[in-house]
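Below you'll find a set of structures to go through.
Note that chain A is present in both complexes that follow, paired respectively with chain B and with chain C.
And then the complex of A and B:
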């Protein structure tokens, strides 16, 4: 049965080449763009190294401290009553923020107050955002560095290419060792393998390369760096500084994804127990634990200290835009399909006259449309592969490298199916409801 | 005639509804993208106001342990040694708000009796000249300003126009984190990047000794080779005794900053182009098909004396009426955005975008309707009637 439908569909496609072209053009480009978007989103949000465990991660990257003072706000309301001005003043007694600071944490804050978090199996403190200029044969290389502790490597599962990462013992001993990415090794030593034991001079110190990891393809400053250095190599003042503000952030790995909220609430609970050292300067402290999605959304759309709201707005508008984008080609396809199905009314008439159910006809036309969609899907897939190559080569997305994997293939397949059913349903439904007499009369057999 | 066409459309309203919806959606998508594009291009076309070519900034960390005289000595020595190099025309210290860094600092005050809202940039007396910013009224900062009674500030033209209008501002004393005197007015300084919109800006003068001015901007002689940077790097690390500084080429930063807008802009315009082609082809196909279904009607009208022009006008008119209605609905919704001030975008951008979108959609519709209508008009009455 399906084989017959398939043959029929191919025959029909060959009959009206111009219409087939219009349909395939629309389908293949729409699916190509959807596949590209899927590949991009997978790179940003999918479980890829070094963020494979992003569902279990909780970040502490921002602390907010405010000075709230009680203030009386008079509100003078004037009305004209019988030509005489009357005043009505109300006094509002409320909190006013007189100064607010938002920053990343200091090492001592995270180390002192944010340890032994309920539900978290690994805790890491690190300081992203240092950069060094190094010159090799008069070529400048700007190396970005992250100073990390040893658990950093358990939170983020970098793909190890060579050697190993530093151990807690080495961090404690201020070992002058570094882990570099393959990209750094290529830039610095001219080769991406066999660089273990080589030395790199940074900030006046000589570091021995003990490991090479694969450079992350995601452009996030907490994982995307060229070298990773044990944080004890920082100036000792950075670690002992008692102020709450500093250049560090914390990452917590919940023991499983369902415990993320427990980790978050325990972090908030711990923060409420802290007595502030200098209440004249700041008298309230807010920590903002975020999961990966919230942190991602917050970096796109900053919504004060409410990462949940950011996540809702960003992902909501993303889905809205995608739907809007898909709707247009779908409508176009529906339009074209309605036109071309009419020419087959005689066929439907005959089939119905011989006892075919509406459901059978509906199924046949939707099935034909799905075949058409998958043809377009294959073309779109090839186009997407080519375009991904072009985009990766041009470096238009910075460090992001788009790749196809099984997951994206599966998503693409589902997209094709959804698109095929969506655009085939209305025309097929109309045809299946057609009166036999009308269908037979309309066309000469 | 229009009434007649309207009846025809109404009789086929279910079919035309899809066409209507398609045009409406196309309008919505194009309008959104064009608003973004128009806004970007309008910002892009206004001048940057400073030079990026042959300009470097060294982002430095200074030892916190140094006392202020030692720090000043170190800073002055560094500036002097760098300026002694023939490749460096001038050097100046600048605060943390530097071009393309993404940092801004803004303040609002009503201490003067009116609201003054401005962004702030800090630099020493040579900063604006080193950056190549153009003073149109008054003068640049000079060394005497340090000894003057009031701290010196320079406004940009936009701030003067938006806050003071025609009133003379030069040499007046303004309350802005203390009493400040306006010594000059600059024309443009879009330090946020080429695609950013010019905002109210105040440049305030800080002495070189200030810890707030940690970064050093250098203007180089044109054609200085890139490997000169190694020499600058050596000089800085020798004098500051630190290695954790980086030197950025402003021109590279400008290109990278703009790329953040170029990439989504070009991507969304490409998607729009595809959508338009898609809609055009679909429209063309549907019209072509509809007309070939209505051969009998055309044949009859031709026999009764309708000219080719009349026939072709009828079909173009039908399509135009449907798409025109969709456009009007679209424009109705689009107009709400500037009227309700939904987003922080200049109204003119919306109106330009509405104009472009309408013209584009109408011309695509006309183009797609034209050929099938001509085809319809060329149907020979005898043939059409014979088939029937």
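And then the complex of A and C:
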């Protein structure tokens, strides 16, 4: 039966060439955009190296300290009772923020208070955001750097191309070693392989290259750097400064995804145990542990201290926009399909007269529409591949490199199926309910 | 085989009520070849549609093969039609996008059959109507008479007990009309298939066992 439907679907598509062209153009263009969005979202949110363990990650990137002062506001109410004015005074005691500071953490804060977190299997402290100007053949090259501890390489699973990462002992010994990305190796040494043992001078210090990792294809400051340096090479003051504010952040890997909330609550709990050194300056401390999605959403839409709210708004809007983007062409296709199916009402009449019931007719037309959608999907897939290549070559998304993998292919398949069913169901349902006698009066086949 | 008891069909709009059939009681015996005649709009096709369960009577009962069938649900009705009834239409109603053999196989798609069985049965049906050599053709490549023969093959492929033919020779010239009529007569004689045929052609009607005449929705003969 499916073979029969398939043959018929192909015949119908071939017969109405203009309609097929219009439909396929709409479908393939829509699906191309959806596949592109899927590839982008997969790159941003999918489990890709060096962020393969996104669903286990908890970040501590922001600390907020506030000085809250109690304010007393007297409210005086006066009434005239028996010719005498009476006064009733009420006092409103409320907190007033007199100063708030938000910053990244100091090393000592994270090291002293945020260790041995319940549910976390790996804990890392690092300082992103440094940069160095180096000169090669009289050309200035700016290298971005992240100072990290050794567990950093366990949290973020960079693809190792050559050599190895630095070990805890090397970090403790202030070893002057670096790990570079293949992109850096190419820019600095003119080749992306065989650079182990080469030296790089950064800020007056000579570092030996001990490893080359694949440059991440995602624009995130906590993994996107040209060189990675053991954090003990930082100025000692950076590590010993007892202030809570600094240039560091912490990343925690929960032992499994279900323990992420446990890690977050334990971090908050630990923060409540801290005695503030100078209550006259700040008397309230808020830490904001975030999972990957919350951090991602917060970077798009900042919503104060509530990363959960940011995530709700950002991902809610994203889903809403995507649905809208699918819905509009679907409605259009529904219309086209209705006119296409009406032309075949006499066929529906014949099929029903010879024993097809409404469900069979419904299935046939939805199936035909799915075939049309998948043809559009194949064209859309090819177009998306071309467009991805163009985007990657143009560098329009910075370091982000979009690519297709099986997961995106699966999502694309599901999108095609959803689109095909959605746009075929309404017209097919309408026509499947058509009375046979009425349908047979239409002579066009 | 087919028994209609007090069957009426009334088409109701907001302003007008049209009586297409009025209290028709009619019995068609097993193996009988019955023709229905009458002027245009007298309710012939409506009567045939009701007998074929593709239209519902407003009042009255339809009994086929000893079963009251007008209370069946839509799935049961579809199955009953598939197993017991074959239709032939004046304008053939072949699916132009399907080959002759695929058109003939159509009723078998809605039964449990393998594609091999379907192909064999369709070939046998096409052989009966003399079109085995046209299996791979498409309807647009056939003459009117050939199209109607394909439609007959489609009607008989599922071996139904009853064939309902709505002016099967109406769109054909007399030579082709006679050919079609011969096939129907042969089916009736050889296979004992019950046939009800609506026609405008007195000559064709005379070849059948019995003639029923309708006028303004009433049975007059």
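As a convention for this text, the second predicted complex is superposed on the first by the 424 of 445 C-alpha atoms of A that agree within 3 Å, B and C clash if a C-alpha of one lies under 4 Å from a C-alpha of the other, contacts with A are read in each partner's own complex, and residues count from 1 in each chain.
The rule is short, and it goes like this: a contact is a pair of C-beta atoms (placed from the backbone, for glycine too) under 8 Å apart; a residue touches a chain by one contact, two chains touch by 3 or more.
Note that this is a predicted model, so its numbers are computed, not measured.
Participant: Looking at A:342, would you say it contacts chain B, chain C, both, or neither? Reply first, second, both or neither.
Facilitator: first
Participant: Contacts for A:8 in the overlay, against chain B (first) and chain C (second): which applies, first, second, both or neither?
Facilitator: second
Participant: For A:130, is the partner it touches chain B (first), chain C (second), both, or none of the two (neither)?
Facilitator: Only chain B is touched by A:130; chain C is not.
Participant: Output check: A:196 vs chain B and chain C. Expected answer is one of first, second, both, neither. What do you get?
Facilitator: In the superposed model, A:196 contacts neither chain B nor chain C.
Participant: More residues of chain A in touch with chain C or with chain B?
Facilitator: Looking at chain A, the partner in contact with more of its residues is B.
Participant: Look at A:356 in the shared chain and tell me whether it touches chain B only, chain C only, both, or neither; answer first, second, both or neither.
Facilitator: A:356: touches chain C, not chain B.
Participant: Let me test your reading of the model: by the given contact rule, A:440 touches which partner, first (chain B), second (chain C), both or neither?
Facilitator: second
Participant: According to the stated criteria, A:422 is in contact with first (chain B), second (chain C), both, or neither; which is it?
Facilitator: A:422 contacts neither chain B nor chain C.
Participant: Report the residues of chain C in contact with chain A in the complex, numbered from low to high.
Facilitator: Residues in contact with chain A: 49, 52, 54-55, 74-75, 77-79, 81-83, 87, 89, 91, 93-98, 102, 105-107, 109-111, 115, 154, 158.
Participant: Report the residues of chain B in contact with chain A in the complex, numbered from low to high.
Facilitator: Interface residues on the chain B side: 15, 18-19, 21-22, 25-26, 28-29, 64, 226-227, 229-230, 233, 242-247, 259, 263, 271, 274-275, 277-279, 281-282, 284-286, 288-290, 293.
Participant: Touching chain B in the complex: which residues of chain A?
Facilitator: 18-19, 21-22, 25-26, 29-30, 33, 130-133, 135, 138-140, 142, 202-204, 237, 324-325, 327-329, 331-336, 338-340, 342, 396-397
Participant: Sort out for me which residues of chain A touch chain C in the complex.
Facilitator: 1, 3-4, 7-8, 11-12, 15, 346-347, 349-360, 435-437, 440, 443, 445
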